[in-house]
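Once you scroll down, you'll see the structures, which are given as structure tokens.
Same chain, two partners: chain A is paired with chain B first, then with chain C.
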Partner chain A sequence: MRRRVIVALLAVTSLAIPSLAAARGVTVTSKHTTGGFAAVSSCGSLAGIGVAWLSTANAVTSVTLSSIPAGCVGGILSITLASSSNTSLGSVAATSVTATSQTLSVSGSPTATSVAKVFVAVSGP
Partner chain B sequence: MSRHASHKSIRAGLPSLGRFALPAVTGLVVFGAVTAFAASLSVSSKSLGAGNATVSSCNASAAVTYNTAYSSTVPGYKVSTAPVTTAAACNGLAYKVTLTGAGNASLAEVSGTLDASGNASPDFSTNNISAATVTGVSVTITG
Partner chain C sequence: MRTPVVCAVVAVAVLIGTGTAVATSLTVTSKKLGAAQVTAPAMFPTTITIANGVGGVAGQAENGDIITFVFSQQIDETTLCSGWSNSLSTQSVQEGWAILPGSGGADDTLEVNNPASTCANGFNIGTVDLGSAGYNTGSSNIRFTSTTAALVVGPSTSTLTVTLSGIKGSGGTVSAGSPAVWTPDSSLKDRSGRTCGNNLAQSTATVQF
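Take a look at the complex of A and B:
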């Protein structure tokens, strides 16, 4: 009976303190670590882009961009028409740039006379 | 129905366009999708005993693209998310994406865990980072 108790106690001890068994042999492992940096560049100069729009009953229905840099073809274009206080009045859903001149539908039916600013963003290609 | 047409440049637009010609220019933002190539990093770690460890990479590259959203706060387009694509071998590992601007200054940093495909879509919306100010991106993957 006493022998059984001792064996049981030894078993419990080794399970409860597993680090004791592993203390001598040390295996070093390393985590994956990778990192990198990339410059974010423009697809071209946008200073020469022309902006025009079509309005019906003083509501802007479409916007035409011309002279889009060829390097931007393939990128994703977004346009927002805003008021003088930068409130969004209407926008063009993100769409692919397929040519250097493009006409796009405007949602929100912004009042033409209220549009004071046009914001354009191109992500990619 | 009336049609307003611009000439070759915004500045040369018809009188009705002139009042917002300059804001349009300042609002123009373009930044390309980039590929962030992984590079070796020095690693220090605490250990018991002596030994050597090899630092391995789960993938050779990480591609970063950008989604934008208009913000009247900026005002202009801000970076909403910057999806990161790596490889399935990187699944479950921790990532950190840092957008940098002029002088390599950190603009914002988002961290998280890569999904089962080794991808993630860190959200920068609350940081209100103007897309026009982003000139670089850094990606770190650990795990």
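Take a look at the complex of A and C:
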């Protein structure tokens, strides 16, 4: 559904000098404005993604994701590793999904035994 | 199925100086978006260190060198050695370990090659890729026939300390390599029945022993 909206705006300039007051008209160039809403769908069931990691002196240095939905290949993936209280401990920067299994470097050197939750987000493709 | 979403953003700029207001629009075609919490590993190897023993040659596997394995959980001791029991928090066994030469230029590996009789189903610690082919430059295993493996199960972790002993054969000396990577055995479990899955641990050192 499209609606035509004409935006009119008046700017009122108030006094710079106490004895004078003036209202200045503002010319408005109207545009068409369209609004809409639709549910956003996921590229697949992300909850089924498997996570394994490589620990170096009890710090997570990389994660390997498995069972990434094939429909997510070509999308952009990001990961957050968090504590049980949802404090972010480390993350994987947004990266392209190139396969259904992928190994990614982790920044932040999170202590492996402190990581209780892993959140995965994919936008696109 | 893709659902196009159109977001219209209207920016209104008021230019005081010219008295002109301009409305501009930005059209965005949305993509799919999803997020989920996935299962974080609970049972996994946290640390492996392979240290040179007192008076030993750095970079060469010898008697007295010490390998330390740490798990993130209390392990089910019976899955490491069937003759052990979880009723004890410390265990010790003497058995044979070996460094196997990598074939075709592959890295050498360290593993148990002759478990003690009390561990009838093997000593299921897994294998260690040593990060170099230079520790065993021969064609047969370097064996450590009387190696001691001592387990300590703490309140929340488990630590196995292995002291090499009874060397049969001799190896090379490595001056530059890669971190060692420990792959736990798939039959080893914690006390909740969880395996290590595909989780791995690697050393910080690039030269072992």
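Heads up, the rule we're going with is that the second predicted complex is superposed on the first by the 86 of 125 C-alpha atoms of A that agree within 3 Å, B and C clash if a C-alpha of one lies under 4 Å from a C-alpha of the other, contacts with A are read in each partner's own complex, and residues count from 1 in each chain.
What we mean here is this: contacts are C-beta pairs under 8 Å (C-beta built on N, C-alpha and C of every residue); 3 or more make two chains touch, one makes a residue touch a chain.
Values in this document were obtained by computation on a predicted structure and should not be read as measured data.
In the overlay built on the shared chain, the residue A:Ser91 is in contact with chain B alone; chain C does not reach it. Of the two partner chains placed by the overlay, neither chain B nor chain C lies in contact with A:Val73. Of the two partner chains placed by superposition, A:Val106 touches none, neither chain B nor chain C.
In the superposed model, A:Ser41 lies in contact with both chain B and chain C.
Counting contacts as defined above, chain A residues 25-44, 46-56, 64, 66, 75, 115-125 meet chain B in one complex and chain C in the other. On the chain A side of its complex with chain C, the touching residues are 7, 9, 11, 13, 24-58, 61, 64, 66, 75, 81, 112-113, 115-125. Partner chain A is touched in their complex by these residues of chain C: 1-8, 10, 12, 14, 16, 19-25, 27, 30-41, 44-47, 70, 72, 156-157, 179, 181, 197-204. For chain A in complex with chain B, the residues that touch the partner chain are 23, 25-44, 46-56, 64, 66-67, 69, 72, 75, 78, 80, 82, 85-88, 91, 94, 115-125.
Those residues of chain B that touch chain A in the complex are listed here as 1-10, 12-13, 17, 19-20, 23-25, 27-41, 43, 45, 47-59, 61-62, 64-68, 70, 72, 75-77, 90, 93, 100, 131, 134-143.
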